[in-house]
Amino acid sequence: MQDRILEIKDLQIAYDEELAVKGANLFVERGEVLCIVGESGSGKSTVIRAITGNKQIKIPGGQILFEGKDLIPLKNRERQKLLGTRIGLIQQNPAGAFNPIRKIDKQFRETLKSHRLPFLKEELDKMFTSIGLKNTTDILKSRPYEMSGGMNQRIAIAAAMLMDPELLLCDEITSALDVTTAISVTDELLRVKNEHRTTIILVTHNLGIAANIADRIAIMSKGEVIEFDKADRILHDPQKEYTKNLLRDVPKLSS
Amino acid sequence: MIVKILKKLASLIVILLILSFLVFGLMYLAPGDPAERKLSEQGIAINKETLEAERAKMGLDRPFLVRYGEWLSGIIRGDFGASYKDDMPVGPKLAAGLKNTFILAFSSLLLALIVAFPLSVISAFRKNGVIDYIVRLLSFIGNSLPNFLISILLMYFLCIKLNLFPVIAKGNVQGLLLPVFSLSIPMSGRFIRQMRAEILDQLKEDYVTGMQGRGVKQRYIVMNVLRNSIGHIFTIIALQIGGLMGGSVVIETIFRWPGIGKLVMDSITARDYPVILGFVIVIGVIYVVINQLSDILNHILDPRTSL
Amino acid sequence: MRKKKRARIKIIIVAALALLLLLCAVFAGVLAPHDPSAPNAAVIRIAPCAEYPLGTDNLGRCVLSRVLYGGRTTIAATFLLVFISFAVGTLIGILCGYYGGIVDKLLMRVADVLLAFPQMVIAIAVAGILNGGMTGAMISMGVTMWVSFARLARSHTFALKNEAYIQAAVFAGKSDLYILLFHIFPNLLAPVLTQALTQIGTTMIGLSGLSFLGLGVIPPTPEWGAMIAEARAYIQIAPWTIMGPAAAVIITIILFNYLGDAVMDYREV
């Protein structure tokens, strides 16, 4: 029996009256990793924005079903309750996820208070340690601009994981990283996925990354999903010329 | 940080010195002979002897640099020289005017902020909404109105047509209202435009996406955005004080408000240079100090900004 | 793209209106029904009527004609001042940005000093001391106005100087003059011209403000600010003498400010 945690049906997304996504159909099953692969401008990040209810885009048509319930007509308040606790986001520049000039401590408290959750330092400490951050007390007292980009990135991932969301959206999180760091980040994601049975949607322009971790792959180009299937099928038997070209560019990675 | 502040202070003094030199030089080159003018005003016959005597008395016969040096050292001691018009010391005149100008300028600034700050916040957070359009339209119009025109239109409609206010300001609160309105209307327009743009810039920052992604409540997001904008908002306010000073000259003249602006206009008519010079120096010092303070405040509020 | 197109249409409409306004000022001689400076004791302060569409002032002069001729003064002075500031500022900015060195340091220091003081306060003091009519008023504002152009041109030149194609032109042995004229100037023209456009409104506010204070145009030359100042004395008996020039000032400033905003928006889309 299929358990589609998220399903997108005929989704159209517009920026300034221009369609950035022209009718996308996608789904991901619970516990899977779905990679949306495409070049910049293909509309892949726009899909993530639609799921998180970004204000700058308009959705003329379609549905985004999260556990069978459409997210598009949700009120701000309802969406706010869902985000963080059930749908997590690691944004394009994760290092910038926190206000650079306020103490991390305060910002974690605000996040937790927004969901009526208690601020438990032990839990935070556990999460920080698991992601390779030492000295929780020091970090909590610091402001993001005083710390390195890598550290901020880890804190952002920790923040996304803290409330144990069922679905984790990752928007081009590896694009700014070198290959080895990118792989260590994706490994981290895989570990999280296996431990918490989290479903992950990863948006990337790098089919190589997708080949490493995806259960399902969607190829997007010019606002359309041109190919969508199990990762194995896409990687070994691509149907579209575009996908074949993308595959040709992937350096052979040890699987 | 203290070293940086001291360095800033030093450059500030240099700036003030250069300006004082420029203004003094301009006055030196200005057409007309103040001594001749003074004599003719006092009804003393103008001939070579009386003119030379008067010039010596006013110190006009000495070389430029000596006069500049004396004037400058006087100012450092708080002595702005004597008025050409009535030989009274300029300092107390400026001080009296400044007090009234401060009342006018401060009230206008306060009113403009009370109007502009909430409106720009609402406008930015509800971008492209109905309120945003109305606020943008009004701020655009306000920004396009010269304050001399506003004051006259207000006078006409409120005083003459509706009879709500006296036409000539007396020193009381009622007399203060129209000048304050005239100054704060265009200032509010400029504040709204700049503050709205600043908040919109903040809303584009990554941390806002981050907070939304974590499901942080809207009121915390608003708070964070305002917290990060406030430094720049202080800078906006400090810069607008310059326009406020220029505007108050016009408004004080129209409403006969006994401030430093009216004093300087009267002195321009009388070609009373020491008062004009004193005015430029006093306003310059105030403006420069306010802007430096806002820089320091900005640095404290957002340590990423340089001092 | 659609947004860009709409922005362009907006600019064209507003620019056409602005042009119409300029033409009214240029052809004031043809359009004005009466001599703007000829007093007529027979028609003192009459309300707007068929013969005098905007009424007459204290000396029996036609307000409409004075508004038309006044527009000539105000608009010509504004444009001339903005143009001179633009030309001088851009030249200084390009030279400072391209050559750098001690002259650059010195001029930018001067710019700092000028920016460190409120523009209108300097203008009032300088115009007051100069006492030189409209020219004096223009000088008094020009003293500070060139700075914003110089800074903008300088920062653009600075950035352009290190572009590959300009480096290539340097290696190809092109003269500095050639590079400045054909590579740098065309590339910074758009932002600096936009800056000039946005300055028109503020300049007009400043100049008419100075005239209003009696530090600008010398009467009886018609000028909007001066007309308003003059008519203020008899606003109770003849409000139309103010409403004519007031409407002209408001419409003109709003139009040019809107044009500036529209062009800025267009460049941002």
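Should a chain be cited, it is by its letter among A, B and C, assigned in written order, with residues numbered from 1 in that chain.
Operating definition for what follows: a contact is a pair of C-beta atoms (placed from the backbone, for glycine too) under 8 Å apart; a residue touches a chain by one contact, two chains touch by 3 or more.
Note that this is a predicted model, so its numbers are computed, not measured.
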Chain pair with the higher count of C-beta pairs in contact (B-C, A-B): B-C
Furthest chain, CA centroid comparison against chain C: A
Geometric centre distance via CA averages, chain B-chain A, whole Å: 51
Chain centre separation (chain B, chain C; CA means) in Å: 22
Residue numbers on chain B that touch chain C, as the complex places them: 15, 18-19, 22-23, 26-27, 30-32, 140-141, 143-149, 152-153, 155-156, 160, 241-243, 245-247, 249-250, 253-254, 264-265, 267-269, 271, 273, 276, 279-280, 283-284, 287-288, 291
Interfacial residue positions of chain C with respect to chain A in the complex: 1-3
Residue ranges of chain B in contact with chain A within the complex: 205-207, 209-218, 220, 224, 227-228, 302-304
Touching residues (chain side chain C, partner chain B) in the complex: 110, 112-113, 116-126, 128-131, 201, 205, 208-209, 212-215, 225, 228-229, 232, 235-236, 239, 242, 246, 249-250, 253-254, 257-258, 261
Contacting residues of chain A [partner chain B, same complex]: 52-54, 76, 80-85, 88-94, 96-102, 110-111, 113-115, 145, 156, 159-160, 169
